[in-house]
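You will see chain A twice below: alongside chain B first, and alongside chain C after that.
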Partner chain A sequence: MSDTVLEVRDLHTHFFLRRGVVKAVDGVSFSLRRGEVLGLVGESGCGKSLTALSLMRLLPKGGARTIKGEVLLGGENILERTPAEMREIRGRRISMVLQDPQTSLNPVFSVGDQLREAIERRRKGASLSEIMKEAVAALRRVEIAAPEQRIGQYPHQMSGGMKQRVVGAIAISGEPEVLIADEPTTALDVTIQLQYLKLLKRLQAENGMAILFITHDFGVVGRMCDRVAVMYAGRIVECGPVKQIFEAPSHPYTRALIASVPKMTGSAGRLTTIEGQPPSLMDLPAGCRFASRCAHVEQHCLDAYPGTVRVGDEHTADCWKVSAS
Partner chain B sequence: MKRFIARRLMQGVVLLCMVATIVFFLGRLTGNPVDLMLPEDATPEDRTALIQTLGLDGPILDQFAIFVGNAVHGDLGTSIRMRQPAAEAFFDRLPNTLMLIPWALLLGMMLGIPLGVVAALHRGGWLDRAAGTVAVLGVAMPSFWLGILLIFVFSVELGWLPSSRMGGPDHYVLPVITLGTFLVAGFMRITRSAMLEVMESEFVKLARIKGLSETTVIWKHCLRNALIPVLTLWGVFVGNLITGAIVTETVFAWPGIGRLTYEAVIYRDFPLLQAVIILESILILAINLGVDILYAYVDPRIRLA
Partner chain C sequence: MAIIERPSVAQQRWSLWRAMVWPRRDAAPRRAARVPWVPITIISVIVVMALFAPLLAPYSPIDQTLRDKLLPPAWMAGGSDKYLLGTDAFGRDILSRLIYGARVSLIVALLALTAGGGVGLAIGIVAGYVGGAVDSVLMRLVDAAFTFPAILFALLLAVTMGQGLGTLVIAISLLLWASFARVIRGEVLALRQRDFVALAKVRGCSSLRIMATHILPNVLNTFMVLVTLNIGVVIIAEATLSFLGAGIPPPTPTWGLMISEGRGRIADAWWVALIPGIAITLLVLSVNLFGDWLRDRLDPRLRQL
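So, the complex of A and B:
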């Protein structure tokens, strides 16, 4: 397993608020191999984005703290790095694409300026013309037409899809080993989405970075990912190769999620939904967190959290029913 | 942009007409300047004669018509007291005020903007509260009181700085502080709230993801955005500075347009008062237009729209 670039072990990031502790990320573990795309799927508020920000160590203000766990990047725990060391790591070894291209770029600086800042870190001492040449090349790499003209433009002069490409170019300009993509296509038009996904795939093939792809869209998972981790109420409940998860989901939550994806074939009926609400992250149950919504719930599901069970090759699930069978 | 400037100029003309009307009638409500000009033993005949010379005898609407007619031709009248064209008196004094205002503005920004940034960075902490206290003090202290206090401490007690009139650089210190203090507070508060808003935005997150230093993130990426609302206040503040100069220049016997305004009011020098107010309004309007154009340079969304 020497090609593991990122390993997350038992990560806990909680919000410490006056009215209580919100356990938004509560024991997340996964690993990411070189050149792999791992999907992180789950509904809103399950802790996907906070997991990503914990890895970047850019937690939102207002009481969020990572209190436990390890984030091993190339074998070293980056949670133990000083803020200054962490800045060296950000952008160069681990980087991130944000969700909303409309707000991800600074409106008062030109695209070239914002790209230059990122490139300068890698090319210390290079002349401005060299760096600008590289910035043009970076825009070309993300398939922006006429990059020489675009480089002097400001974000408001670009479309959403184009801005998201620029964000992508900025994120990968430091040639990171790991790229976190936090719902990068959610804010884009459907037609643009597909282009962007293809672009990410191509860039990944070119430089072999690993991608942690956060989404709530199973269609995107099928298109993009090698493996997928399903997150529910602050924990990963099932993880495995995409094909296996799609064909034989083990966890009832995964099954319900996949069943609720509208199908284009067959008769048009009512959409399948998952009854009930996820538990409050401030008051998590002792047992399985999905128990209150699960069709197969039994007494021991309510009493204790199920351990992680190996279902198949590289396929795990946190469920009592799975461990029983 | 050209259409924008043209529209603003039109608005300015309308505003000036209103200012001229208000100052004409409001000034005449204060009484008759003749009472202040004649010696106590003057006869009623002397009084009538003087009123006639000054053109204050006709019906007030006729006087207004004459004033408007002359003003349209660029003649703002002759100062009753100084026996000099009112506009000329204004432009004689203007440079003295213009030597004061930029320093006060600079003081306000040099202290207010960094204080606002620091307050935003330490939101809720003691630095934020300390900066907040400075802001409250700055707004709450009237400049006539602050000016006299400064004179008392630094001129009378310590004897470090001159208390009045124009002169070398040391003459500027106290008037600039008096005039600039309320700006420190204003700039601080607006910078703080703008920074707090900007610091939460996604592009700041991306700047950090790039691995930029906190210094670059805060003082370049955040501040440049936060300066947009700060700039809006410029226009307002320059207006405040010109009115603030009335008090400050009076306290420090500074021969600028502020003191000229004060004198025009005190001596009921109607032509001078009208001229000073109208010309000051033009100055404020011009500066506001300038600020709006400057805006475009800070915010490319406006420049290129």
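So, the complex of A and C:
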């Protein structure tokens, strides 16, 4: 499709440890269109964050390597760029917001100075007053009241929600095509969460960037995303439009996940849980990775990994039990 | 049931008066340690002495007046009003030598802390931030530096390079850098994990830029505390080396050299060695108390409250 800004094909990022190989991201493919929000959901340790870091090529130290796959940004594979070229891409074409606003800002610099660093890169040779004017505008864009005063303040003088908005302002100051939001609301108060999500939505509508929204909160997915990709043990097991995933989930894991979200209606009984544990990423089974916890498991599920099946328009699932439409 | 005695009105009034006249630590809020005015005053006096030595010293520190040799301080029997703190074996005024000697101590402290501390800071940041093999190599170097007997090394340097300010500064820097590097590295290891470093990378900052603009300002507090706490170490090292004859060559007065010269006559002319000894003790103690206070003041855990 022509308006695809980011396409990830068969991405493999493994940790090479002395004890063995941890296949944390093991064949992830998805695409992201201009102006779209794609939710990436899954439980802790399924490889969501590592997928994001692989896209930025900022893998954690200690043996993580992307060994296979392509990350096409505007048609070119950024996995083949040099580190210097990557620095040009980061911040201007792909940017990121992290989970914890408390540590996302440098405590010894004022908010204005930190914004300035981001703006200066894009506008080389601009005068200080121009840059500061732009920094004030950036703060105003993320709905910070009295930005002229706030710009001289330090991170510890701000609340968590405000800091996260500043982080957002810095992230989008380079006008990136893709913004990766790695659980940006997890550390915020519930009341502030909604505000922040609305803000992200508005910013996205303004400059048409695509957002890869990583979360484990299905409620947030329903509010934010156009499409969802469900990740399990290093792979995307189901991907499709939000409405279809919520109303007609195909993969048993997605179904179980949605069933375990507490309902606002009905009796407050015990919550549904998924029994068992995900497989060890060091020792993955040959067959379907969810097989050991799946209620519908059959022999061939254990023997081979199911292919990706198209279950609907833009809706795919990796399961033997679903049939192609 | 425990009986709690209520303080009488008179007692209350008394403690109020006492708190106004002599504020005690427990009267002030827990976190705000009292400003150490006495150490600050002593340090200021010594700094002023060093800066304006030619104006303050009553005599030349090196001119000998053999007629007046070994005079005791003015307040003792046989002391002369001309020499407030007495004279040494060559009839030199001890007060003047003390005042000029402060210069040497402070200059050596300044240079050695700039050189040794600066090198330690740079190595600590690089080792902590880059990590991996670079970190291992640098930290083994630090370990090696700690195992080295610093005094021996300084004596060796003095023998090979000749005595002088340069040798002294190099020797003391070699003693200092390792402890700076180790502490700063630890701090950087923790900072490196913080998200603002990751986001600086996301913004496209190079490693050099992150170290210089994001890591460095965050460790400057620690660095300043290390500097003040090490001033005492440097002054003692300078005195030790001068005492051993590996420091500044005579006749330039330094406090360590003065003790060394007075050592032989400690029984009959104790003031020659004791007075510079008291000066060293006062300065090092003051600097350490000041450093302790600074450390408490700049403690990030208290700052965030």
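Heads up, the rule we're going with is that the second predicted complex is superposed on the first by the 322 of 325 C-alpha atoms of A that agree within 3 Å, B and C clash if a C-alpha of one lies under 4 Å from a C-alpha of the other, contacts with A are read in each partner's own complex, and residues count from 1 in each chain.
Assume contacts are C-beta pairs under 8 Å (C-beta built on N, C-alpha and C of every residue); 3 or more make two chains touch, one makes a residue touch a chain.
Since the model is a prediction, treat every value here as computed from it, not as a measurement.
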| Aligned on chain A, chain B and chain C: do they clash or fit? | clash
| task | Quick one: classify A:R18 as touching chain B (first), chain C (second), both or neither. | result | neither
| query | Does the superposition put A:A118 against chain B (first), chain C (second), both, or neither? | reply | both
| message | Just checking: does A:R270 make contact with chain B only, chain C only, both, or neither of them? Give me first, second, both or neither. | response | neither
| request: Please work out whether A:Y154 is in contact with chain B alone, chain C alone, both, or neither, and reply first, second, both or neither. | output: first
| task | Tell me which partner A:L98 touches in the superposition: chain B (first), chain C (second), both or neither. | result | both
| field | Contact residues of chain A, present in both the chain B and the chain C interface | value | 56, 58, 61, 87-92, 95-96, 98-100, 103-109, 117-118, 121, 156, 167, 170-171, 174
| message | Looking at the complex, which residues from chain C come into contact with chain A? | response | 131-132, 194-196, 198-206, 213-214, 217-218, 220, 304
| request: Using the touch definition up top, name the residues of chain B that touch chain A in the complex. | output: 200-213, 216, 221, 224-225, 228, 298-301, 304
| field | Parts of chain A lying in touch with chain B, wherever the complex brings them together | value | 56, 58, 61, 87-92, 95-96, 98-100, 103-110, 117-118, 121, 154, 156-157, 167, 170-171, 174
| request: In the complex, go through chain A and note every residue touching chain C. | output: 56, 58, 61, 86-92, 95-96, 98-100, 103-109, 117-118, 121, 156, 167, 170-171, 174
